Amino acid sequence: MSSLSLADAGATERSESARTRPQINVPLGLILPPALFVIALVGLWAVLSATGVIPRYILPAPDAILNEFIRNYPVLTKHALATMGEAVAGFLIGNIVAVVMAILFSYSGLLKDAFYPFALISRAIPIIAFTPLLVIVLGRGQPPVIAVVSIAVYFPAFLNMMRGLASADVDYHEMLHTLSASRWQRLRIVDWPASLPYLFAALKVSASIAFISALVAEWIGANQGLGYLVVISSQYFKLPTLWAAIIVAAVLTLLLLAIVVILERLLHRWTATAAEL
Amino acid sequence: MALQTEAIAKSGSLSWPGLGPTARALSSRPRAVLAPLAVLIIVLALWQGLAASGAISPLILPSPTAIAGAFAIDGGNLFYHAAYTTMEALSGFVLGNLLGLALAVAFLYSDLSRRTVYPLAMAAQAVPIVAIAPALILWFGNGMAPKVFVTVFLVFFPMLVNALRGLRSADAEVMELLYTLSASPRQELVMVRLPASVPFLFNALKISACACFVAAIVAEWIAADRGLGHLIVLYGSQYRMPQVWAAVLIGTVVSMAVYGLVVLAEARLAPWLTRQRPISD
Amino acid sequence: EDLQKLSVVLGYVPNVESFGPEYALKMGFFKEEGLDVAVVPAGQGVDQVQMVSAGTVDIGISNPELILAGTAQGGKFKVFAAEFQKTPVAMTCRKDSGVEKAKDLEGKRLGIKTPAKPFADLFMSKNGIDPTKVETTTIGPNDISVLIAGRIDCEVTTFAFNEPRLIEAAGVPVNVFSFGEFGLNSQNDSYFVQESFFNDPAKKELLVKYLRAEIKAWEAFFKDPDAAAKFMVDGGFTDGLDIDQQTYQAQKQALYMKDALTAEKGIFWINPKTWAETAENTFLSKVTDTKIDPTPLLTTEILEKVAPPKM
Amino acid sequence: MGSSSRSGGLTIRDVGMVYRRRDQVTTALTGCTLDIPEGGWASLIGASGCGKSTLLRILADIVKPTSGVALVGGVSPAEARSARTFALVSQQSTMLPWRKILANVELGLEVAGVDKAARRRSAEEAIELVGLKGFEQAFPSELSGGMRQRAAIARALTLKPRFLLMDEPFGALDEITREKLNFELLRILKETSATLLLVTHSISEAIILSDTVAVMSPRPGRISHRVEIGFGHDRTNAMRDDPAFGAYEAELRHALHGPASSARPASHPIPAFAIH
Amino acid sequence: MGSSSRSGGLTIRDVGMVYRRRDQVTTALTGCTLDIPEGGWASLIGASGCGKSTLLRILADIVKPTSGVALVGGVSPAEARSARTFALVSQQSTMLPWRKILANVELGLEVAGVDKAARRRSAEEAIELVGLKGFEQAFPSELSGGMRQRAAIARALTLKPRFLLMDEPFGALDEITREKLNFELLRILKETSATLLLVTHSISEAIILSDTVAVMSPRPGRISHRVEIGFGHDRTNAMRDDPAFGAYEAELRHALHGPASSARPASHPIPAFAIH
């Protein structure tokens, strides 16, 4: 830390974990650096494409993809909506199940003893092995995709919540213990607030997993969605379509992340760090 | 009832020591071993019954005994491919986590890098591997490299997010102490931020202990001539389901073993995390 | 009136290869037969043999190798029609690689999709190619960019009228080696159901109605393949179909669907000789552990009732 | 003195406590015995690390003694805890950092299921009593050390417990605030006929607030001395002038520091007492 | 007294501090002025929440005053911090929970880049000094409150700083330990000619350890009184018997509590002082 920052550097440090950090009120300052960076990257990409360093049969030039967006946006929109629905539904289901499971495990020794290993193992199984089964049980279309997303997404939240629910300072627990608080009160008053930083870290991870797993699942068992579009367009070597679909997926991922970050700020003001993004 | 006298790991994950010292767990807390064992036996029995009843096609779900049979027929081959995948997965695990941690540290000290690179790292997570596989093969050839790349790619992000959060979780008072001691940023990192982030770091390691195998297998699934992913595709295309499930099972067991190692490492490296709570009911 | 439900899973993503089911559906031919048909598109990751064996769909359209492999693993199927008399499966090579005949493959680089590995080996051994002299790499399921980039000289497997066209469109001329001419013929896109389904007389009757309606669609295809391609592209069954490629495919495909047998018996006829060859190859390539006699699998009973046009 | 018709006070009988950490064993308490009748006021004084907090934590059912018996109101600490008969003010004045002061003070009543309006009222009263009015909406991190300590006292007071277990509750307070709170505490004890066990480092505070002062000696911690304070329960600040007060002080000092130190806390045996 | 040839002591000139929290504004300090010459010993006493810690935190460069100037050794707190001329013992005796006591005590020297053997030696010495021998390998959570506090003192002492800023370092200690450490501190101050600024709630401790006692009055915090203690730097416990000691006590009490209270800390205006 430079001596220039003087005391307010210390104050900033303090705010990071225990206090509200002053919000950066200039959205421009928030948006500008990444925007400039993206513009620079696209420029580089255009140059590399034009000079043939990036072959077009791998990654088309930016203008080809832009053209694809203009020409083909109804198709992209249709598939994007399908994927978004699946990813968001899976994200919600997976995370809610994870949180509920973590809570049950944290407060019931028997449940935890009996099922914790399986909760772990389920993540270690490659979901691809599941997909045909899911397609057969749930039929083709969105349900198996949502199931795959839920399974892929639950793990970070589950693990982080198991940890977060156990993370509260022992002193707090001793206090509640002497107050003879019920399990529910311990959860509500201490463990839940203490676990929020863990939960939000997990939600950010799973926001990214949600879309990739929706895409992979669509690749296997769907007839719509960006993953399907990726497969179809790769089967017919339509690279502009393929990359347009990828870009849409990436943007949607960022959108979901942004929602998580905003939620974090709203729900958890006392530890939220400004400008996570 | 008040506190139990033997230290009970505070963190939930600690008290189930993975595939580690089962014997010790059995002697100190038999339920932690017997209960899952009971669940396992019930599940296997139902599964066997279901498969035997013919309700589920053997081209979809083989019986547990058939899977066990696959090991007998094809064990050597399975283990050869599993070793290959393990090498890819572990390389990706190590490199990906180091990358994630390094990025988190960079983001911590450079706001600009965080604001520019973080969204892109996030967006990159949404790029389906199918789509970039041809590019990977083109650039990295067709050996382990592209698989390790995919694994790194999928592993670094959980570490990045958790590490970033963990590095910021240091207690304000402790940060103040280091500040008044005029610690350098590096000292602050090594002495406070990293230790404070240990619970988060281990969670990321646990997430990726499983994810690295899934990632390596998916990468092999696309184009590989070796590894469990290759076996799953090849055997799958021939409907040799017991072998497919055996390959899946090996992958699962090996990644659980890695998970168990992470758990053991955590208990070793972070003993202060085990301060015990009073047991209220 | 009461329509009877029936479902069919296509052999691939909807394209002119599956013109029959899609056109019959669109034109109401199935309805005319009293059928309510659900057409399930396929493509990457969809396995028709598994779906039929699990009862998820009634009719599957798939490759004989897969139907035989499924049979070897305990599936019980009945094959009642076949789209192709000659397999469209092919090896595609860059013209500039100089591979003009099979033997030329020696000293060249061959890209192999994982499921095609056993057949690639068989292809080489059947055609006197020393596999140790061929540098092989595994490629992705839809990967033609490696070939375009020149990292490999040839790849298996491709469809004769699909990938070659795409590769040439990217500026790389190719030679195509149709597997049928190299001892690996097979009746691709064979139509099959579970044996129990076929053994139910009421259901068997549905198959007759189904095939009758589909054949009616195929008659339209043969009248005007170009229009069929246009129908598939405009129908929006698959996003991103290309009219030029589909027109090309339609014209080529017709040649693969007809031969002496269909001229004598009718299109979609089942050729036991081809099946015997495929069964032999499936065994030789170790995809099945035993040599399967395909005869009990095959039936021309439905075809005989439908009496497709002889072309 | 102080003992009432109710079932019992605080009983500590032959309590021992051994902490095991990894390789090492710390014997924090051995053979501690102490009885405080219902309604009685007792203080615990002793050197740092001698086991005072441990004893309180045993009574509060946070740790279980490795030997001996502790009773709170005639029942085990666990039962007393379930019945919510005691309140503990812990040494580190624990506040939930994400709750504002008002919510932190309300916490005890909230856990006990008291309705919102009533607990708000109690909390506001207690906050006023400890001199924190105006800081209801501050987070704990925005208070000074002494203010946080007072908030913790306020939380315990809202509970109107039968037994008050306080671990150096006034340690971070200046003399005036401390004395004011001492007398507020006395008033409340009398109003509610509560039993008090107080850990303190101030001998005079111990005398002012107690019927019985127990002196603990360290390594291993045990109760080495007991001084009964004969002031009855009507206490005024004037009792400091009572010659008895000085005598008690001397006795306690003596008990704490050994025979030579009864005049002042000065003459304990440290090597270089007067520094050139 | 105490002032040396070095560049400067502690200077607080017209310092004001306003904390803003969300909607509310707390004026913690206004127009505080205080000079402590190099090598001088000063104490800060005052009511809980009057701004003592804030003042120390300003000198330690943790917070920046909203007005006025603070200098440590003639330079800004930030520069003093970089130059490592001061050590702070904070009110909450911060320990890194993942480090054992020895490592926690070594921390300051470790940060300063002192080699392993030397810092180990210093730390062990300091640990011995504060009476924590035998607890080097314990985690902070395994120590009593007073023991943690002593560990924090030990850490500061290892640094042998030019300026010692101590925020109630002895608050959680019993009288004996406290007094022992008082005199150890005096010895070290003399040995190192360090400058001391001590926050304490004990008037007698302030007198024993200071040349100057500054009295702060609350709301908003300012320095309302300064008492010079004329005992020189050779102090023994005997000074307690000096009539001057009593006079200083009375004066400080008076300054703290108002005119009526010079005799005892008792007569501050609380409503019901004597309780029936």
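By letter and in written order, the chains are A, B, C, D and E; residue numbering begins at 1 in each of them.
The working rule: a contact is a pair of C-beta atoms (placed from the backbone, for glycine too) under 8 Å apart; a residue touches a chain by one contact, two chains touch by 3 or more.
Quick caveat: nothing in here was measured; it's all calculated off a predicted structure.
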Intersection of contact partners for chain A and chain C: B
Per Cα centroids, the chain farthest from chain E: C
Copies chain D and chain E - rotation angle from C-alpha fit, nearest 5 degrees: 180
Whole-Å separation of chain centres (CA-atom averages), chain A against chain B: 17
Centroid spacing, where centroids are CA-atom means, of chain B and chain C in whole angstrom: 40
Chain A and chain D: spacing of chain centres that average the CA atoms, whole Å: 49
Separation of mean Cα positions, chain E and chain D [Å, integer]: 26
Of all residues in chain B, the ones touching two or more other chains: 60, 130, 134-135, 138, 171-172, 176, 179, 271, 275, 278
Shared interface positions of chain D, touching two or more other chains: 61-62, 92, 139, 141
Of all residues in chain A, the ones touching two or more other chains: 10, 14, 18-19, 55, 58, 132, 136, 170, 174, 176-177, 180-182, 219, 231, 234
Touch list for chain B against partner chain C, complex: 56-60, 130, 133-135, 137-138, 142, 222-225, 230, 233-234, 236-241
Touching residues on chain D, where the partner in the complex is chain A: 57, 60-62, 81-84, 86-88, 90, 92, 94, 96-98, 107-108, 110-112, 139, 141, 159
List of chain C residues in touch with chain A within their complex: 13, 40-41, 43-47, 50-51, 54, 56, 142, 144-145, 148-149, 166, 169-170, 238-242, 245
Chain B residues within the chain A interface of the complex: 10-13, 16, 29, 31-32, 35-36, 38-40, 60-61, 111-112, 114-120, 122-131, 134-135, 138, 157-158, 161-162, 164-166, 168-172, 175-176, 179, 185, 188, 199-200, 202-203, 206-207, 210-211, 213-214, 217-218, 221, 229, 232, 244-245, 248, 251-252, 255-256, 259, 275-278, 280-281
Residue numbers on chain A that touch chain C, as the complex places them: 55, 57-58, 75, 79, 131-132, 135-136, 139-140, 219-221, 223, 228-229, 231-238, 241
